[in-house]
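The following blocks contain the structures, represented as structure tokens.
In the two assemblies presented below, chain A is common to both, partnered first by chain B and then by chain C.
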Partner chain A sequence: MKFRFQRKFLCIPYWLFLVLFVVVPIFFIVFYAFTDGSGHFTWDAVVEFFTTNNKLNVLVQSLLFSTLNTILCLAIGYPISYLLANKKYNTKYVLVLLFVMPMWINFVLRTGATRDVLSWLGINGGTHPYVATMIGLVYNYLPFVILPLYTTMLKLDQSQIEAASDLGCNRIQVFTKSIIPQSIPGIVSAAQMVFMPTMSSYVIPETLSEGKIVLFGNSIYLGFANNQWNSSSFMAIIMLIIIGISMLATRNFSEKDSGKGGTAW
Partner chain B sequence: MVKKIFAYSYIYFILLLMYVPIFVLIVFSFTNATYIGTWNGFSFDLYGKLFQSEEIMIALGNTVIIAIISAFVSTVLGTLGAIGGFYSKKKSRAALETINQIPVVNAEIVMALSLVVMFVFVGNVIFRGANLFSFWTLLAGHVVLSAPFVYLNVKPKLQQMDPSLYEAALDLGCSPSRALRQAVLPEIIPGVISGFMLAVTLSLDDFIITAFTRGSGLLSGEGNIETLSTLVQAKIKKGPIPAEMRPLTTIIFIIVLLVVLFISLNRNKNVSRGALRRKKLRERA
Partner chain C sequence: MENNYIIDLKNVSKIFDDETIAVDDFNLYVRKGEFVTFLGPSGCGKSTTLRMIAGFEFPSKGSILLNGKDISNVPPNKRPINMVFQRYALFPHLDVYENIAFGLRLKRIPVLKTDKQGNKVLEIDKKKIKELKSEYKLIQRNKHLDEAEKSEKLNGLQSQIDYLKANPVESYNYVKLSEKEIDNKVARALKIVDLEALEDRDISTLSGGQQQRVAIARAIVNEPEILLLDEPLGALDLKMRKEMQIELKEMHKKLGITFIYVTHDQEEALTMSDTIVIMKDGVIQQIGTPKKIYDEPKNAFVADFIGESNIYNGTIVGDKKVRFLDHNFDCEDEFQLNEKVDVVVRPEDVIISEKGGMIEGVIDNKIFKGVNYQYVIMIGKNELLLKSTKDYEVGTKVGLNIEPDGIHIMKKDFLVNIYTDAWIDKNNHVMIDDSPFDCDVTQLLAGSTLDEEGYLVSADKAHKYDLKDADVVAEIAKDKIEIIDDIESEEAQIVGSIVDSIYIGDHYRYIVRTENEEDFVLDSQYSYNLDDKVGLKVNKEDIKLRLKKEVSVYEI
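Entry: the complex of A and B
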């Protein structure tokens, strides 16, 4: 039989690549999480995770840092995105680009710069590890919040906002009853851009707290550096589960937004 | 008016805060003091030191080589994957897109660790204790990171394309590969280019995947491959950013600024071209 070219064959290399380097490695993580050094089945990593205070503390601390960082980034970024997208205040696209420009400067270099400047101002990892880390996190993730919020704000239905005020809403009511509900998809995708990456971040807490604050990412990294594949793999599975939960929880919101495909670029 | 002033001062205040660390490095790159905060008079000494530092030049070279190769591989794989996926049956396309989404939503550190445990296992069990870590494992890591984004950038262009274009080219006597190159590719090229650019930036900025999957090779020779990210990380773990890296910040900042200006100028041009076209249409009507 003669080979006949079909266009769908073009994705075979990509299929192979994804299976080999995305799907199979995840099975290896599961394998390592439930085996010991010699490859026998064991619950050791699970027991270790749930019985040592150290690892549970890391989990709680990471969740707290991620939540606080998400709230702070949204609190600072939301008004900025609103103002940037509102024609009354801003018509210059350059201003939006200026907010995302730091993302293109090497982020390890930026994190180092933040730490050096903060310690020059007297806020260093030795004396204020929590403050320094928080500033570093907000500083790094703010652009990731501004971009999706800005895209959503561009699509705000201005006539609905006007209608709300015509029908007797005061400014606060217009904000809570019209602007916020309309921008929920943007808020959700902004939160997604911040929450999980904060939990799994390594460079920022490590640098800004000078190793004093250990988040989930640091903990996995330390396990990797000490060749503790098994306990690190189990932590990676916990991370995967949290990611899965947050994807399921936010699926309904983000679907509305997808498909329109409006990015700021 | 008062509201406008208030709005602008908020925007510029936050913008200023965001740039403070970068500007401090830039300002102190023009003096030869070891620490930021001390000013030893204006000089270009550090710029000379930057280009004499073999370590930094090697790291820069590695970073650029890895970015270009990995972006190229990602672009080819991701574009072919998107075209093939677009013409696949609904079920297999859905499966492909679900797997494609995994690296997009997954934490980088989980992906990096999963690759490492696989390479360790394959090295130990299949290659009898061989160390697989090299440029190739690093390349695989970077392609995992960026190919899914190429796929996502090309897909919308395929959806917007006229579906009968490919068939028309075949009917007019093109071979399938020629039809793809001359009929389909020109339609999706903007998506391919933006995917490539995204892949380059993802690779340039990456620390975690590089730190996990690297081995010896490239310009680092026998040692572990150092990229800009891993080199800076190693330095800032021990102390402040080395003085000769401050000028590097200035140079990167200027390059990024030029790119941003280029983008916004082009955008303005596109906008005005669009306005011109609309005006012409109106005149004709």
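Entry: the complex of A and C
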């Protein structure tokens, strides 16, 4: 029979990609999480995770760091992007680039430099591990907040803002009742860009706290480095579940305004 | 104030970025309950005026009085005025009910403050003082006000502040509307706009017409004194628009609120308004009832903008007699003998017959319009548009009659271009708008000639003048400017784009605006589009010059 090209063959490369880089790795993670060293099924990793204080502590600490980092980044990034997107204060795109530029510098190099600057300022990783790590996290993730917020702010509907003030809002009410609701999609995608990556971040806490603070990412890495493949795999699954939950929780917002705002990212 | 003007705009101007004049010396009063429409082409300043009434823009000059009180610098949330926006501007994160209740939830009802015995409590009105102070600062920073007007306003405010500081007044607690009150008001507003069943719907699930109704309900629920509507029907299809026009008119009657409506659709303005304000380039062209504006347009622009019309150049040839289309017509307006005028004839005022008439023409074009036929008739080289129910073939010779009351005569708004800041350069060219025009400088001094070096020599050869940098006033008649299509060619002395065109019988009248915002008004046979870039050419002998100073100043 003669081979006839069909349009559906075009999806083969993607299908292969999915299998090789998504399905197979997840399968291995799940496999390792529920087996012991000799490949027999076991709940050991699960039991270990939930009974070891150490690992639960890491999870709680990571969640705290992520939450705080998200809040700080939003608190700093929101006004900055509002000003950057407002033509009255900023007419040049260059300023936006300046804020986003650190993203393009090698991550490890940047973190190393941050460490040196901080210790020069007296915020030494050895003496102030929490402060140093927090500063490093905020500095690193700020651009990821500014960009989606900036794109959302550019699309703010001025007539909605005017309508709010026409209907009786003073300046603060205009902000809370019109500008914030309009920028929710940007806020959500900005939070997504910060929250999960912070949990799994490895270089920043490692470098800036001089190894004193262990986040979930560090913990997983340590596990694999020490040949504890099974327990680390289970931690990776926990991570996947948290990502899944956070995606579900924010789905409502991004669905409503798909294509509007920060989803460009 | 003894008059019943609800809003009164006095000499209001708005200047953007220190240079663009969006609204120029706007004077208008609106009576309570009136339906006023601002009509004009886009960019004529009508929306800016509306936004100044709403409070989104503050006037650069002049004042806006609401019930006799100056509100020029009061922010929008403090004005009893609500607006329906062009694109509705509904809040997508709220449902229909909450959108409409938005203003009500922000509303605070003053309740007199009393002590335990029920006596009034007197307090200094700090809130009002604060408001006045911020207004004070705003006026202080305004660069466009002249000093006298500024200090007058500032003094007025200061004395108000001083008075409030010295005199405690009855004070009020401000309370929210109860849920029940809000409920009732929203229900009533929904009923007015015919949307009773949709209060729980999401905004994004509504059609354009429904969103429009929500926007109107959201504004009227606050019971504003004035409702502003900024081209509210622009986004609707034709049928929907017609329906909404009638409904809006009904609503206006029912509510008794003053409506100020902005549109560029002349038909909409004619059907809905009590008063129409026609604007162009930030300047009011005419204010009047729809009938008056249609029947007695003040100038060619108004006539052209409102309805279809034939516009001709005419000359007054006698007492109530005007000559145009090579015929002397009787008319009703009195003008000076021999004055050049614009004549407007509405298509429905021309009576067509096969038996001959005052003038004769040949049918050039015919379109069936449902109720009647629209003919284009050639009279010599002039075109005449007319509407008739009678059916004639193209090419038929017909006679036309126009009754005296069908002829509207208007003062010519423009005969010559005058440039008051022109000057002579070293080559004896006149510089208009920084472009050199070849001209005859000897007209500046009777009998003079030019010598080889380019100096002006008087008739008796006794005096010599160097006209370099001499300031002159240049005049160019509008029929002496020629349009050159090729802007690169040597013939094009200056380049600009067409910003305005009116068809006048057998030719077009264009306004060509150069990059430096100098306008050239000219007549041409040929048709160009708005925004076309064209070159202009003026013959040497057609530029009339007049020195600003005595010629002796330039003697050498």
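The definition used in the following text is that the second predicted complex is superposed on the first by the 256 of 265 C-alpha atoms of A that agree within 3 Å, B and C clash if a C-alpha of one lies under 4 Å from a C-alpha of the other, contacts with A are read in each partner's own complex, and residues count from 1 in each chain.
Keep this in mind: a residue touches a chain if its C-beta (ideal position, glycine included) is under 8 Å from a C-beta of that chain, and two chains touch if they have at least 3 such contacts.
Computed from a predicted structure; not experimentally measured.
When both complexes are overlaid on chain A, the residue A:Gln173 reaches chain C alone and has no touch with chain B. Touch criterion not met for A:Thr198: it reaches neither chain B nor chain C. Shared-chain residue A:Cys11: touches chain B; no touch with chain C.
In the superposed pair of complexes, A:Glu162 makes contact with chain C only, with no contact to chain B.
When both complexes are overlaid on chain A, the residue A:Ser66 reaches neither chain B nor chain C.
Touch criterion not met for A:Ser209: it reaches neither chain B nor chain C.
Of the two partner chains placed by the overlay, only chain C lies in contact with A:Pro181; chain B stays clear of it. Look at A:Tyr93: by the touch rule set out above, it reaches chain B but stays clear of chain C.
Note: no residue of chain A belongs to the chain B contact set and to the chain C contact set alike, using the contact criterion stated above. Listed in rising order, the residues of chain B touching chain A in the complex are 4, 7-8, 10-11, 14-15, 17-22, 24-25, 36-37, 77-78, 80-89, 92, 96, 99-100, 102-103, 105-111, 113-118, 120-121, 140, 143-144, 147, 151, 156, 166, 176-177, 180, 194, 201, 204-205, 207-208, 212, 228-229, 232-233, 235-237, 240-241, 245, 248-249, 252-253, 256-257, 259-260, 263-264, 267-268. Per the touch definition, chain A reaches chain C in the complex via residues 157, 159-160, 162-170, 173, 177-178, 181-182, 184, 256-257. Here chain C touches chain A in the complex through residues 54-56, 75-77, 81-83, 85-87, 89-93, 102-103, 106-107, 204, 218-219, 222, going by the rule given at the top.
Residues of chain A that touch chain B in their complex: 5-15, 17-19, 21-26, 28-29, 31-32, 76, 79-80, 83-84, 88-90, 93-95, 97-99, 101-117, 119-120, 139, 142-143, 196-197, 199-200, 202-203, 206-207, 217, 220-221, 224, 229, 232-233, 236, 239-240, 243, 247, 261, 265.
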